[in-house]
Amino acid sequence: MLQLIEPFMFGLLTVSILGAGLAVVLAPRITTSALAMAFAFLNVAGMFVLLGAETVAAFQVLIYVGAITVLILYGVMFTPQQPRAYGLFFQGQTPWGALLAALVALPVVIVAFTFVDAGVALEPGNDLRPLGTSVFRDFAFPFEVASLLLLAAMIGAIALVRREREIEEPPGAPHDPQRRGPRR
Amino acid sequence: MNLPVIDNVLTVLVVIPLVGLIPLLVVIRDARAAKQVALVTTFVELVVSLLMLAQFRVGEAGFQMVESVMWLPSLGIRYEVGIDGISVFLVVLTTLLTFISVLYSSAGVIKHRVGEFMAAFLLLEVGMVGVFLALDLFLFYVFFELMLVPMYLIIGIWGGTRRIYATMKFVLFTLAGSLLMLVAIVAVYLASGEPGQRTLSFQELVSGGVRFDPTFQVLAFLGFALAFAIKLPMVPFHTWLPDAHVEAPTAGSIVLAGILLKAGGYGLIRFALPLFPLGAQAWLPIIVVLSVIAIIYGAAVSTVQKDLKKLVAYSSVAHMGFVTLGIFVLNVQGGVGAVLQMINHGVVTGALFLFVGIQYEKTHRRLIADLGGLANRWPLYTTFFGVFVLASLGLPGLNGFVGEFLVLLGTFASDMRPIGGPVWGAIAAVGVILAAVYLLWMFQRVMYGTAREAYRDLPDLSPVEVAAALPLLVLTVVLGVFPQPFIDVIEPSLARMLDLADAALALYR
Amino acid sequence: MPDYYLSYLYVFVFFATGAVFVAALLTLSSLVQPKKPTAEKLRTYESGEEPVGPAWGRYPTHFYIFALLFVVFDVEVIFLFPWAVLFRDLGWYGLVEMGIFIFILVAGLYYAWRKDALRWY
Amino acid sequence: MTDVLAVLPEIVVAALAALILGIDATVGEERAARWLPWVAAAGLVGALASGVYYPASGLFFRGFVEVDAFTAFFRFVFIVLALFTVLVAPSYLTRQHVPRAEFYATVLFSTVGAMTVALSTDLITLFVGLELMSIPVYVLAGLQRRDEYSNEAGLKYFLLGAFSSAILVYGFAWLFGIAGSTEYSRIAEAVAQEGLGSPAVIVALSLVTVGLGFKAAVVPFHQWTPDAYDGAPTPSTAFMSVAPKAAAFAAILRLMSTGLGPLHVDWVLVFAILAAVTMTGGNVVALVQTNVKRMLAYSSIAHTGYILAGVAAIASGASAGAAVLFYLFAYGIMNLGAFASLMYFDTGGTTRGATLDELNGLWSRHAVGAVAFTVFLVNLAGIPPTVGFLAKFFLIQPVLDAGFAWLAVAIALNAALAAFYYLRVVVHMFMYDADAKAPRLLPSRLLTASLAVTAVVTIVLGVLPDAIYAFALDAAVPVLVR
Amino acid sequence: MTSAVPLGAFIAVSALLFFIGLGGVLVRRNAVVILMCVELMLNAANLAFVAFSRRFGLVDERGSVFVVFVFVVAAAEVAVGLAIILAAYRNRPTVDVDEIQRMKG
Amino acid sequence: MVEGPFGIDPVLWAVLRLAIAIVLVIALIMNGALLLIYLERKMQAVMQDRIGPYHVGPFGLLQTFADAIKLIAKEDVRASQTDATFFIAAPALVFSPMLAAFVVVPFAPPIVGADLSIGLLYLTTLGAMGVLGIVIAGWASNNKYALMGGLRSAGQLISYEIPQILSLVTAVLVLGTLSMVEITELQPGPITNIFVLPLAFVTFFMAALAETNRTPFDLPEAESELVAGYLTEYSGMRWGTMLALTEYGNVTIVCAIMTTLWFGGWNGPGVEAFPILGILWFTLKTYAFILVFMWIRATLPRLRIDQLMSFCWKGLIPLTLLNLGVTAALLLAFPDTLVPVAIANWLLLGAFALGLPALQRRRLRRIRARLGAGAMPAPRSAS
């Protein structure tokens, strides 16, 4: 009976992930999207567990659910709601965009099944040490670069949202009604 | 008399205008100083070019005064300049016409941004001189394009009302052609040998070591010929020319007609023909037909022109048709005729534009219908103008005749299939007659008849204008009366070009 | 079926039970509770003031800076955990590596501090 | 220790960024502002020197960092571009109240990222480098945050950038799935073994191509470019139109030639077609623009097409790589210069560029600026004797050599087409007189000096390019298709 | 350990998730939602990485390592992205890409 | 696969064990909550010289029970402006992670739900998830007070998560494992981790107070400022699960972590002989901490929001980072002994304990000086 648990969990997670994913895309309200996204993240973490990568799963929850979703919720909170739904590429032609994505997706999904296990069977779990070893030994350089990346993001984001100093108009600048100044 | 011998005279010729640019840029806001600098520079250039002419050894077929320095070692591209019978007069013509243009312009025709105008002219001179000197295809291309920007500015800034349209058209036509030529040049480079031994040096390319296969030649020739045909301009590509000429300031027109067009003809003789004889053979029928069409068409269109400058412009089309015809009949007579025709056309059409410009400066009218009766007021002007008109229509004894006559001779002598040379010769001859019709008719309408009141008090030629026109007049007469010394210089080199082509052809027979 | 899967089965079941439990409690509650909604009752409670408009949107965005800094340091954490476990194997090399990493982030913190971004209001 | 020395230029630039932020935070914004450009410039020169001083070569960090001539060349290019940006920007930043220290630091971060791309030997380093390059640029685009256009630029650039990163990383995932490793060398082995017969390889290749295509703004993945370039503050535009593109091509060269090199017979044709479409598309749309900044944005798409043509010619060996590298360098300077020239105009405090009419008579109003701008435009048009012309010359050579004659002709025709709109700008600057509509000019000595010097440099390099070209040839060797 | 679920199934799920996200980016207009969709795509990539790691028997941890770096990048991306969205919102109260996009050409 | 006792089929045993665990944990939480609320009220009352609940049941023991029944039977009002999805999801979102955290709590050698190898990381992760529920609750209410409260809570929770984790990591440096069971087993004797890493404990403790919204960090519920924070619109059983159950559950978890990491977990006299005895020790230690929490609530005043954030970002995080670095360096320098680490930690703790008041005094002096000069800006209203 326990042998069935794995496929069962896989099925459950798959349905949850894809359902949540679709909900993100299709939900009319941004709040539902955000919640569905968090749920999808959580289920992806479940997939990781199923694949034997518990550490990555924990990181996934920590970063995606604990941090990124919170951040996105901040974004949702600070921006007003727009009930309309259009597309960045397919302005007002949602079906076409969806169709395109679906058409490309189909063959890719079929191709996905060409992958088969090729390695040595290993016990799942306990992946923290090999992961860490790999990061700190082999990927020392990208690791440091990643810290720069975080610093850059931090600086940039702060520069973008920091409260503004009062800016005076430059003396003598003609007031131009066309000018797009701050509007708060 | 012992003339001084200058080392590396060709490089000196290229460098002088550049050197002149430096003080010019310093005083660019001071019109007077700018004019003086430009005049001195172009004059020195003229003198040096004459000294170069004196150094030239007549009768030698090959290149003289060759200088060759490795330029881009990683590509094997050289800075290589040299001169032979074909180019030597064109160089002198360039320096002369530039000097005349600058001289005339500095007499007050150019009223705003004088310094910039002079700077553009000096830069233009670098390009023009360089084009006739370059022996490396890459270098040639650089100079060929270098002529573009200053001319573009000259037409665009100091031109007439529709100058911007004209200058854009000019640049785009020329650039489209020359960029295709660039592709062809690169193709030649790639085909010139194994990596590491590749070259673009003309002398190495034609020395027999390199064989281009026939298809390649056909395509590469097309690339070159298109660029040159647009520059010339040959008939379907000529539409930029009237616009450019009409809108260009007088000095610009002189140089444009006198030299820039020649770069196209020169390129055909110098590079397109000897490098790709098979290609030339393949395209020859089309070119000949187009040349003849150009002669007739140019003349016919000239006849109906109302604008004086446009008329001269279209006559250029016809005259350049003789040049291409002469080149592609592929015999020495025709070739020499073509080269002579280029020189003569440079002198005569340059002079015609000069005089149209002088007239326009005084009357501010260019439409033939608005003019008339000028002969009575301006005897000096009428004399000069008359001589040049006659030279242009090919009156024997003046220079226009010599070139056209030789070209026609060559055409008659050639054995072009399927229709023989005589047929084409005959048709071309009709062009000569038409030239007489429109030029004389124009002269009559402009110079005779009743003069308008407004023109009554306009002065005749000023001393500066005479000084500018006189050298051209002298050349017109000298070339017309004593063409033989010139032919002696041109013929060996031209024959060599044809031999090179033949030798290359022989490889495939 | 190894312990690994069993362990996580526990985790899953606990999670699921949590949700189910909450749902059950609320259902139970809804079964027994009275239902007398009135407009006044359903109105947003803002200490007796009349609520004006929705509360969403238009909040000072610099609160966001804290969330941002948190994310950055949270990411640091995912490196810190493996590092802390492996730290004896990695030795000084690992310490220096992590030291640089943390130093760079602290530089960002210092910047935020000096730029007065760490002020809540 | 050798590991550290090998990446010394990266360290110097990164430290410089931190130093600038530190100075700014410690000394205070206003007092630091005057010195920051000079600190940045000195530091960048130092970074350049450090690369010369320790000419490392080989594999470092346990084989995950490769320093070779290719790396050195891109370091040189990126540092020069950053230097140029830092020197032209100050007056604009002050005027538009763009945070200055943040701007310099962000540019430097992006530079480090771009340099990282050039020394990657595996997908992870590549990806992290690409992101370190891109994310600061999103910030740069939106940095003039009181301006709506800047907001939009940042937003669009960010969304599309993130989207492309996601596509790219998914492609990387498949590559990893095929090869079982993220190292280029092992990917190459696996890919060679699988061949194009494997549909998974096709999927991975397509995803990676699309992802990198977005990063480099290849048509049809270019839609973000005009708005992003147009709306971003001009100094940012100047930088982001060149450095990320160069980095994207560094990535393309490294990955496509080493990792996916075994398949080059298959992907070059796709690249050739993309190249032709890109250059034509960019040029055609640029023709109808009246806003110069937007026009330059489209023109930069066209230039992507040219460069891509060089990549498609990868089969012709070192000359192709060298052509791409040289073009990137030339394009970097001339495009940066062209955008920077727009900083003379005060267009109502917005990020928008001047329209053609607003450029009227610039020549009489600011001669040096106008001439410098013209030189950059002539460079872009590819007219000799400029480095822009040489770039095209070097480019056509491998394209023809690889048998893409039609592509070479397309380049030539496109260049002629492009000359139209470049020269139209010159027309407005030189041939019309300034009218009442002309916006206030805001000349700055530093800007003028930098532009003038760079303009002269483009001409000097146009006559004597051999040092750089030889460098590029040398640098192309590591990315030869084997 | 041989698993009851074939590897291909995991990859297929990741591909589907990827394309759901991609479709979302293509059709949605709200910037924050687009950002969410991008995150879905990144998650799909992560899933693929981890699954592929299993393919090679976890001998090579690169898949997981890549995922860790994707986390870093995603965090940085979201941080900056939302900052940009907030800055945009501050000037004009909308995050609708359609409305912000007013420069057409 | 654990072999079941009494020859029970292993599968059945696993299911059974799971069921037992869940039931036990839920019972623990519910009873714990009831008991703790009662205890808290009573304790506060005593400290404030009141009597506290005494009506219902002996000593008012059934008071909370009655409260619970009231909650269940209370009308559930959901204001019309709320965001339904979030409003309903929020309680589950805060409750589930709390419940799941109990999986790894090592009550006694035989009584551990599951000994995950990444146990601590797992707990951290669940802590992070809790934030989500609070933000969502605040947001969903569409009430300005609630949203502000949610924002504040979120800001506070995410901020203090950092020092909390950093303290944990410092402990992990010494322990070298993330498994809760292994951590416990590493501290068998009376010399537990607290003697080695006191500062890490103190910082963790402070962060934990904030993480569980306990005084002095209970701003989200600052009635005087924000009504009931993110809970304003919640009533009835929703409120019951959100606050009563979850908060006390979380307090228990945090205290359990402290017990395990610093105080030897289930270890105590007689555990070797009777492993089940561990549950006694563990519970005792944990409840001791809970009482400390309550004691603090009765003693300390509430911080202002800006003070709270400043204290975290400008005080706690740098301090924990410093501690982390020092500990790591000393551990590497003296691989065989923990004494230098302990010394350094105590010294740092001492410096912190003395330095903080000193710093505060200096700041106060400076503010007074500025006030005197009249340069103090008008007080801004806290938002």
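Letters A, B, C, D, E and F mark the chains in the order given here, with residues in each chain numbered from 1 onward.
Simple rule for what comes next: contacts are C-beta pairs under 8 Å (C-beta built on N, C-alpha and C of every residue); 3 or more make two chains touch, one makes a residue touch a chain.
Here the structure is a predicted model, which means the values were calculated and not measured.
The chains touching subunit A as well as subunit E are C, D. Think of each touching pair as a link: the shortest run of links from subunit D to subunit F has 2 of them. Note: the chain lying farthest from subunit A is B, by mean C-alpha position. Of all chains, the one whose mean C-alpha position sits at the greatest distance from that of subunit D is F. Central chain (C-alpha centroid nearest the global protein C-alpha centroid): D. No other pair of chains has as many C-beta pairs in contact as A-E. Separation between the centroids of subunit B and subunit E, computed from CA atoms only, is 64 Å. In terms of their C-alpha centroids, the spacing between subunit D and subunit E amounts to 26 Å. Between the Cα centres of subunit E and subunit F there is a gap of 32 Å. The centroid of the Cα atoms in subunit C and the matching centroid in subunit D are 39 Å apart.
For subunit B, the set of residues touching two or more other chains is empty. Multi-chain contact residues of subunit E (touching two or more other chains) are listed as 1, 11, 14, 18, 21-22, 25, 34-35, 46, 51-52, 55-56, 62, 65, 68-69, 71-73, 75-80, 82-87, 89-93, 97. Residues of subunit A in contact with at least two other chains: 2-3, 6, 52, 54-55, 59, 62-63, 66-68, 70-71, 74-80, 88-89, 108, 114-115, 118-119, 123-125, 128, 131, 133, 135, 137-140, 142, 146, 148-158, 160-161, 182.
Contact between chains, per the stated criterion, is found for A-C, A-D, A-E, A-F, B-D, C-D, C-E, C-F, D-E.
Residues 71-75, 138, 141-142, 145-146, 148-149, 152-153, 156-157, 163-164, 167-168, 171-172, 175-176, 179-180, 182-183, 186-187, 189-190, 195, 219 of subunit B are the ones touching subunit D in the complex. On subunit D, the positions that touch subunit B within their shared complex are 317, 319, 378, 381-385, 389, 392-393, 396-397, 400-401, 405, 408-409, 411-413, 415-416, 419-420, 423-424, 426-427, 430-431, 465-466, 469-470, 473. Contact residues of subunit E toward subunit A in the complex are 1-30, 32-37, 39-40, 43, 46-47, 50-59, 61-62, 64-65, 67-69, 71-80, 82-87, 89-98. Across the complex, subunit E meets subunit C through its residues 1, 68, 71-72, 75-76, 78-79, 82-83, 86-87, 89-90, 93. Taken together, the subunit A residues at the contact with subunit F in this complex read 1-2, 29, 31-32, 35, 38, 54-55, 58, 61-62, 65-67, 69-70, 73-74, 76-77, 125-126, 128.
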